[in-house]
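There are two complexes below, and they share chain A, which is joined by chain B in the first and by chain C in the second.
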Partner chain A sequence: MHFKSQAVAKPYFIAAIGLFVGQILFGLILGLQYVVGDFLFPAIPFNVARMVHTNLLIVWLLFGFMGAAYYLVPEEAETELHSPKLALVLFWVFLVAGALTILGYLLVPYASLAKMTGNDLLPTMGREFLEQPTITKAGIVIVALGFLYNIGMTVLKGRKTVVSLVLLTGLVGLAVLFLFAFYNPINLVKDKYYWWWVVHLWVEGVWELILGAILAFVLIRITGVDREVIEKWLYVIVAMALITGIVGTGHHYYWIGTPEYWQWWGSIFSALEPIPFFMMTVFAFNMVNRRRREHPNKAATLWALGTAVMAFLGAGVWGFLHTLSPVNYYTHGSQITAAHGHMAFYGAYVLINLTIISYAMPHLRHNAPAANGRAQVLEMWAFWLMTISMVFITLFLTAAGILQVWLQRAAETPLPYMVVQDKVALFYWLREITGLVFFVGLVLYVASFFVKGKAHVPETKAARAATA
Partner chain B sequence: MSVTAERVEHGRALPGDFAIWVFILAELLVFGLFFLAYAFARSRNVELFNASQLLLDRQAGAVNTVVLITSSYFVVRAVAAIKENHARLCANWVGAAIGLGGVFVVIKLAEFHAKFAAGITLSTNTFYMFYLSLTFFHFMHVLLGMVILAAVMLKARRGGYDAANHTGVETAGSYWHMVDLVWLILFALVYVIR
Partner chain C sequence: MSQTFTKEMARNIYYGGSAFFILLFLALTFDTSNALPQRDRREALTPEVALGKKVWEENNCIGCHTLLGEGAYFAPELGNVYTRRGPDFIKAWMKIQPSGVPGRRQMPQFNLSEEELDALVAFLKYTSEIDTAKWPPNIEG
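Right after this comes the complex of A and B.
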């Protein structure tokens, strides 16, 4: 660790991993409910399990991003964090608010939760991914503002690097776009239109900046390649992500009541969205191949390369599959979307978080550049188990999706939705089994933090200078 | 050793910064895809496209073509000037190119105004959807190009470039030529070819 205040990242990372475990447990419940409809009913109905699964994902990724920012910004700015105390206070505020929200989902019927939390005053609830009570949303804004203030002041007083500026731009964008979660017009078309400004412009816009910045930071540290080279790549990737991603929002605007030109705009621009992800893959491998040092943290390198490849496959290739409007006419809201959602979130945002955690944790816990050898081996096992099972989850859902589209929408005598769901049940079973393998991978991942072995030497001043 | 290989070895295969070429290629891909989509849509509705095309202001388009090509020539002169260490002259040529960019913008705005005044929107028909989208996206690129050129002009004025070190001028020039090139295709495709 180069700066004491970086230590505040640790609770954020631990909370992120804890919530990740929760997300996967609810994923397993949800997956089983696809085939055993009344599993755990009425304690945890399908809609609640789904809400908890997706909300936990978003919250833990946000914890990870914040931890990443608290870890890397002081190092990039070469100065202590503006206020470590504020960071810790916000951590507890966010964790408690998040936990209360999830408990609210699980213990109270959703409508009662809305009433209890005063949704009538400013109705924002009831929309996919933005189900949080209005007061939770307000809490998120307060945490985000405090966080941005803290990070912003740190960047301002220290060295301003491309990495921290891109990261800050992404984080500001994340906060600003979230404000559209408070805009809830009566008109359903407008509602969806602006809803995507949060959902799409997060994951296919500003989050890509955060992803790029974190990846660039880790690659600079691991490979020792000149910062200048990495920054140039980052610029180009960010520019491409924004050029394609912003207008690419149009691929959500087909046939929802928006003008027809969105079919062209959405198709053309989003067809190019794989490019920045492809560039990221080329970038990551190129940098690792040109490395000027052998960093002892092999696991972090694996996570970083995994991010680049899986983000390209999940977000790029699986996104492209159904992005053109004539294709989407058939595939809209089918299991193809679920397949893409799983691999894209895992490949891009889960893996980038695990990358920075893998890189930062040894510094945070032992003041060492890497975990011990045995722990790293276990971590790499976790990587392969989770990644390969995610590939299979995606493939099974894609198969289910293709069948679904065919039987329900393209066939000469289309079948009703629920009949089709029964017919594709085999793939849901396969997905569930693969989900269990994923969970095993996750357990190994958590276990890797507790493996004892011959530790790497704590960082000396000389080693620190070498990795600066 | 072939000439190309030798150039690569000396790192002079492409003028300007390598990153701008990645960017230029990506931009060309976006426009290329748009042009292909135009061709595809036109092939399915030739009559509508031909009829609507006749209502475009081809004169304004032609003038703008000459304006952009001339501005590109000015950029070439700017690069030539800095290679001979004439920083002031270089800045002036870049300034002239920006001026012509401004002329393009004014003419284009007048064209947009006329179309909007006639009640034409993105939803009028498929041809106008393409006409307005393509020209608007290109318009934004002209503006970006002008910003890049302005940054280069200011740096050149401050003496930031010389014969040995002028990658920035070439980088901006390369981008500006791309803007010009896209317009040449756009003008021919959307305004002229029937």
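Right after this comes the complex of A and C.
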């Protein structure tokens, strides 16, 4: 570690991994409920399990982003974090608020939770991904403000690099756009229109800035390539992300009551959305090929390259698959959407978090640039198991989706929803089995932190200078 | 990337491009806001529909169903369920859940009052009348 205060990142990363495990367990419950409909009913109905699955995902990714910022901003700014104490206080506030919310989902009926938390005063609940009680949403805003203050002050007093400025822009955008979660008009069309300002402008907008900045940081450290080169790439990638992604929001405005010209805006701009992801892949491989040093953390390099490839496949290719409005007319809200959602979130945001965790954890835990060899081998097994499983989960859901679209939407005599679900059950079974393999990969990943091996590579002054 | 393309040029594309497309998006949003009254049937937004939306939200219906194609993909699309099934069916259906058939997907019993059931039906009637550019492709959703 270069700066003592970077240590606050560690609890954030540990919490992120813990919640990730929870997310996957609930994913397995959901996958089984698709084929064994009454599994765990009425204790954990599907809607509750899904809320836990998606909310845990969002919360652990946010823990990861915050940990990443606390780790990399002091190093980029070349100064200690403004207030490590505030960072630790906010950690516990966020963790306790998150845990209480999840317990609320699991222990009381959702309608009772709405009543208990005063949803009447400012109704914001019951919308996909924004199911949190209004009071939890307020807590998220407070944590985000404290976090931004802390990171902002650190950047202000230190060196201002492109990496930290892009990261900060992304984080500010994340916090500002979340405010639309409080806007819930009676008019469903307006509700949906601005709901996407949180959801789309997060994942296909400002989160890409965070992703790009973290990836650039790790590549600078791992490859030793000149910062100037990497920062130029970063600018171009995030420029393309925003140029295509902002108006690309239009691909959600085809069928929700908005004007039909969005079919043109949405189709054209979202067809360009794979470009920044493709550039990210070219960028990552280029930098690793032009590396000026052999970094001992092979696992981190693998996660970084994996992020670039899987984000392009999941967000870029699988997004393009159903983004043109004439195609989307048939695929909208089908298992195709689910397929894309899974690989895009895994490829872009799960993997970038696991990349920075893989890079930072050896520093945080052993003050060494890399974990021991055996731990790294296990970590790389985990990468391949989870990644290949996710590819197959996506392929099975895509197959289910194509059949669903054909039987329910495109056939001459369309079949009812549940009839079609029964016909595609085979693919749901295959998805669930593959999900179990994913879980094995995740267990190996967690285990890799506990593997003892030969001494960790010590962090020498020379090595530090080489990475600076 | 070649030396003729400098970091400053890349930075300017980032700031300039983002600013331009944010403004374009805001302009399109402004135009959409003006066009919405012809499409979103806001004159039909009665207090009963508002209560129906609240019932919809406070029972997390979106956790299993889609509404205009958005939501979870575990249970049928409900944006057009009013046209597909009609008001009486919807109310009767809500009252007899869960089916309890072994192995089948189960919908919880939400214990809604008669007033809440009517409001939910009014909300789903409203959603079926939004101009969605002819989506879904057919009545099955």
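In this text, the second predicted complex is superposed on the first by the 467 of 468 C-alpha atoms of A that agree within 3 Å, B and C clash if a C-alpha of one lies under 4 Å from a C-alpha of the other, contacts with A are read in each partner's own complex, and residues count from 1 in each chain.
Please note the rule applied: a residue touches a chain if its C-beta (ideal position, glycine included) is under 8 Å from a C-beta of that chain, and two chains touch if they have at least 3 such contacts.
Keep in mind that this is a model prediction, so the values were computed, not measured.
**Q** What is the contact status of A:Arg291 with respect to chain B (first) and chain C (second): first, second, both, or neither?
**A** The answer is neither, since A:Arg291 touches no partner chain.
**Q** Tell me the contact category for A:Gln335 with respect to chain B and chain C: first, second, both or neither.
**A** second
**Q** Looking at the overlay, does A:Pro123 come into contact with chain B only (first), chain C only (second), both, or neither?
**A** In the superposition, A:Pro123 touches chain C alone.
**Q** Thinking of the overlay built on chain A, is A:Arg365 touched by chain B (first), by chain C (second), by both, or by neither?
**A** The answer is neither, since A:Arg365 touches no partner chain.
**Q** Does the superposition put A:Lys423 against chain B (first), chain C (second), both, or neither?
**A** Neither partner.
**Q** Have a look at where A:Lys232 lands relative to chain B and chain C in the superposition and call it first, second, both or neither.
**A** both
**Q** Looking at the overlay, does A:Ile186 come into contact with chain B only (first), chain C only (second), both, or neither?
**A** Only chain C; A:Ile186 stays clear of chain B.
**Q** In the superposed arrangement, does chain B or chain C reach more residues of chain A?
**A** C
**Q** Please indicate which partner A:Glu260 is in contact with in the superposed arrangement: first for chain B, second for chain C, both, or neither.
**A** both
**Q** State which residues of chain A lie in both footprints, the one left by chain B and the one left by chain C.
**A** In the superposed arrangement, which is not itself an observed complex, chain A uses residues 232-233, 235-236, 239, 243, 259-260, 265 for both chain B and chain C.
**Q** Can you list the residues on chain A that touch chain C in the complex?
**A** Residues 30, 33-34, 36-38, 41-42, 45-48, 50-51, 109-111, 114-115, 119, 123, 125-128, 131, 162, 184, 186-190, 192-193, 228-229, 231-233, 235-236, 238-239, 242-243, 246-247, 249-250, 252-260, 262-263, 265, 329-330, 332-335, 337-338, 408-410, 414-418, 421.
**Q** If you look only at chain C, which of its residues touch chain A in the complex?
**A** The contact residues of chain C facing chain A are 1, 5-7, 10-11, 13-14, 17-18, 21-22, 24-25, 28-29, 31-32, 35-36, 39-40, 42, 45, 49-50, 53-54, 56-64, 66-77, 98, 100-106, 108, 110, 126-127, 130-133, 135-141.
**Q** Where on chain A does chain B make contact in their complex?
**A** Contacts found on chain A: 232-233, 235-236, 239-240, 243-244, 259-261, 264-265, 267-269, 271-272, 275, 279.
**Q** For the complex, give me every residue of chain B touching chain A.
**A** 17-19, 22-23, 26-27, 29-30, 33-34, 37, 41, 122-123, 129-130, 133
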